[in-house]
Amino acid sequence: MWLNASCLIEFQISVPTPFLLMLRPRSGSQQWIMREEYLLSPSVPALEFTDMFGNLCQRIVAPAGNFTVSTSVDIETTDESDTAPGSPFIEVQLLPPDVLPFLYPSRYCESDRFTEMAASVTANQSPGYDQCNAIVNYVRKSIRYTPGIGQQIISASEVNQLGQGVCRDMAHLGIACCRALSIPARMVVGYLEGLEPMDLHAWFEAYVGNRWYTFDPTQPDLKGGRIAIAFGRDAADVAIYTQFGNPVDLLNMNVQVKKMTGPGYHSKAQ
Amino acid sequence: MWLNASCLIEFQISVPTPFLLMLRPRSGSQQWIMREEYLLSPSVPALEFTDMFGNLCQRIVAPAGNFTVSTSVDIETTDESDTAPGSPFIEVQLLPPDVLPFLYPSRYCESDRFTEMAASVTANQSPGYDQCNAIVNYVRKSIRYTPGIGQQIISASEVNQLGQGVCRDMAHLGIACCRALSIPARMVVGYLEGLEPMDLHAWFEAYVGNRWYTFDPTQPDLKGGRIAIAFGRDAADVAIYTQFGNPVDLLNMNVQVKKMTGPGYHSKAQ
Amino acid sequence: MWLNASCLIEFQISVPTPFLLMLRPRSGSQQWIMREEYLLSPSVPALEFTDMFGNLCQRIVAPAGNFTVSTSVDIETTDESDTAPGSPFIEVQLLPPDVLPFLYPSRYCESDRFTEMAASVTANQSPGYDQCNAIVNYVRKSIRYTPGIGQQIISASEVNQLGQGVCRDMAHLGIACCRALSIPARMVVGYLEGLEPMDLHAWFEAYVGNRWYTFDPTQPDLKGGRIAIAFGRDAADVAIYTQFGNPVDLLNMNVQVKKMTGPGYHSKAQ
Amino acid sequence: MWLNASCLIEFQISVPTPFLLMLRPRSGSQQWIMREEYLLSPSVPALEFTDMFGNLCQRIVAPAGNFTVSTSVDIETTDESDTAPGSPFIEVQLLPPDVLPFLYPSRYCESDRFTEMAASVTANQSPGYDQCNAIVNYVRKSIRYTPGIGQQIISASEVNQLGQGVCRDMAHLGIACCRALSIPARMVVGYLEGLEPMDLHAWFEAYVGNRWYTFDPTQPDLKGGRIAIAFGRDAADVAIYTQFGNPVDLLNMNVQVKKMTGPGYHSKAQ
């Protein structure tokens, strides 16, 4: 499936303000970046680096005034997300080292507090993929997906008490439960084709059967059409922008995802 | 200063159990490992790897029965920890990329909840080292150091409410406040010569004036004689052992740190 | 300076053939990728990874038949390359660890054989930048730049004996001499605005005065308008494509670099 | 098998001289460091870092006068090196990214010049392990192992012409031939129990059947009892010491490897 996804963010800034941005998706095994655009307006010097999870990050100091970040990608991604019922749990001693950080509790996924709940939710499931699936079904059933609430990020425990949340919150709860079972789980921020209302999206991946599989507690079916922008332990690692110093005004944020007929569409237009 | 430090941990294990260990200190800029010993008894295959923070980690599956991990190091370390009153805050855009992960909130350091408190505690301090110092003084004054409590790890918010804690808790509170001011801060687990009662110790480092400085809220003076074993965002990253599966019995843990007269002491003995 | 650079490579392939490609420039401190396009035609699955020097690399298996790789970037780069006469030599013990690999001899830069020559070429120069400059002047004077020769890659020793070469050969000789003086030096492959005849270009960087500086033995003046695609020890590390198995036919390769009036040019056109 | 290996190096130095050392073996999948000792005499500040191949490296400035580096390890290693006749060639597109650097030509392994020879030497062999084996047999047969010659490091081409060499040279020739067949191959420097005359040793590993296998052209049988100290592309990457500046006098170098009865031997002695 070929998609064009774009994200426009507009700030009003009173004093020069440092930002960390994470808005350049990478090509990987699941997605190929065919065309990409990344505009800073006004244009300021930017420094790009790779973080410890492999994400491409950009550092800038945004000048005072109106400041806009505008990104767009044409990408080939899978039509459907792989599923693997019955795929086995991988013993900790057999996990690749780069997967191990996703076993530990993190800021918004206090997996150390979910041992009993995760065991109860997955009772009678065979260890591995089926446990993850039972967790996702539990999250879907017990947390009401409520787009638009959730300015302050809350943790998995708080989400579980509150009973409602945004995509990020539901992913955090799913991740916390997986890790409580010694299943590595990581947060993904990205685009999802057909999301209603359209916005950036968050879901999670769990490592079973020797690879990462996608899980999305907010969606009834495991749709494809996903574009991963960043991976991390939880929302603290994958903020698409982190602003330091005095708060700035976010004037506008516009996200769009469109199906393309094929790779040549945009380039023909030029 | 030459030190010999040792750590003996004895488990009673009912079924073969995977462990992640973090018990091999590394030589670095502050410490030189002159002699090191790492025994697993009974001897089992072990796989060593480097984690994302540069720590040497060991993976094993401990067999059923009595299992002992015994490590010992002879090390040269600094007599005193450097201090740098007045050392300046480093703007986020000028921090080295490998320091940035230590700016974000983490499991036990919810820095996103400490913005106001950190500002209040450091009012009138010049940005940088002096802010860190004010934070440490605040932690010393407001949290009663209570060795021996604290089986379950609690977070900086919980420590702050409780008003007492172990070294790990006090470090978490200090880290959370530093990060709330955009000062990178990281947890250190290691040995401290002269600690009473002797045990493994935890303190923290903050990045100001273009390098990491040591802060230790549990100690009245900033003593040297430190041996760092592991660095991370908080206690979730630097557990000296993490055990997966059914709980095992910790029968005994013995930590010793002794001053040596010089590097040749042990080797002469052989 | 805003540039649009493009590279089109066309192969005739008889059996499915694995390729490693290195054709996605990265944003860094010197250049910002504003727009980028990377087409494989026919479209095949591609896997992207980061190599040990930080380059983005793509792996594909090209199908039998006509196969085209077409890339294009809009980029902001510096108008002039920095120079720093008098900038000092950095003692080996003070070099950052990631710079050290560029001190050693490599396939095409046998620095271990250039100790005497490098000393003689730089006699009376102050250690550091001025030595590099003397080396570049020597290469310019003693090697005749002969675009179009040089199918087989030859080493710095061979270049020095032959007395002529392409940009890659002259860079190899410069690198070998710098390393012979314990100055880290690395190969850069990329685009250069205004190059005659237009093609991909190779130059080198040397580490003095605590940063990398650009040197280009093929150009009379140190022009800006450079786009770095890949960094490595020598040509063995930075081939824009490496093909495995039976040789394929390279039908066509077309490189273009154009000045743009500003960042908005292309996006307006859509 | 439990071994104690030690290396003593003694220099006479006229002016303070920077060194890079690579003398701390790491625990990994094949070897467990149970006890280790690393003495610099006189004691000087040392900085340890990890290079791009995962080796632990030490940087020091050796003072004028007599300077001694003395290391010793007690280690558990395998009794026999694994062999795997028939183990298959891995297609380039399926190799892990960290294996790819070992496909390219390097300073002393000009694999780009060995395409024909490698094909001829391995004619009729099934792709993979059997090709490596044929290469090693060829090297054994055509190069006379001549310990003690070889002050200056020569390349695989030169070794092949000369018809004799030390262990390092024979490894280089084997590596060059493997890479010419698109089989990743890397240099190993380490200890070998029972080597005659005792010294540091060099051999190589080739990646077939999804893992690294040991090959040693200097030994009639593939003995175990190996301790790897460092891995790299060739001798340029794995020098146990690299000295910069004016040459120093190597007064003495003494290497010993002894079988131990078990892990407790040394620690009991203290």
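Points worth noting:
Just so it is clear, A, B, C and D label the chains in written order, and each chain counts residues from 1 on its own.
By our rule, a residue touches a chain if its C-beta (ideal position, glycine included) is under 8 Å from a C-beta of that chain, and two chains touch if they have at least 3 such contacts.
None of these values were measured; they are calculated from a predicted model.
Between the contact lists of subunit B and subunit C, the overlap consists of A, D. It takes 180 degrees of rotation, in steps of 5, to superpose the Cα atoms of subunit A onto those of subunit B. In a homomeric contact, the two copies may use the same or different surfaces; for subunit C and subunit D, over half of the interface residue numbers are shared, pointing to the same surface. Set against the Cα centre of subunit D, the chain with the most distant centre is A.
Separating the CA-averaged centres of subunit C and subunit D is a span of 31 Å.
Our note on geometry: subunit A versus subunit C, Cα centroid distance of 35 Å, whole angstroms.
Centre-to-centre, using mean CA coordinates, subunit A is 43 Å away from subunit D. Each of residues 47, 50 in subunit D touches at least two other chains. Chain contacts in this assembly form a single closed ring in which each chain touches exactly two others.
Pairs of chains in mutual contact: A-B, A-C, B-D, C-D. Subunit B meets subunit D in the complex at residues 24, 26-29, 32-41, 43, 45-48, 50, 54, 56, 58, 76, 263-264, 266-267, 269-270. Partner subunit A is touched in their complex by these residues of subunit B: 18, 20, 47, 49-52, 57, 59-61, 91-93, 97-98, 100-101, 104-107, 109-110, 112, 153, 182, 236-237, 242, 244-245.
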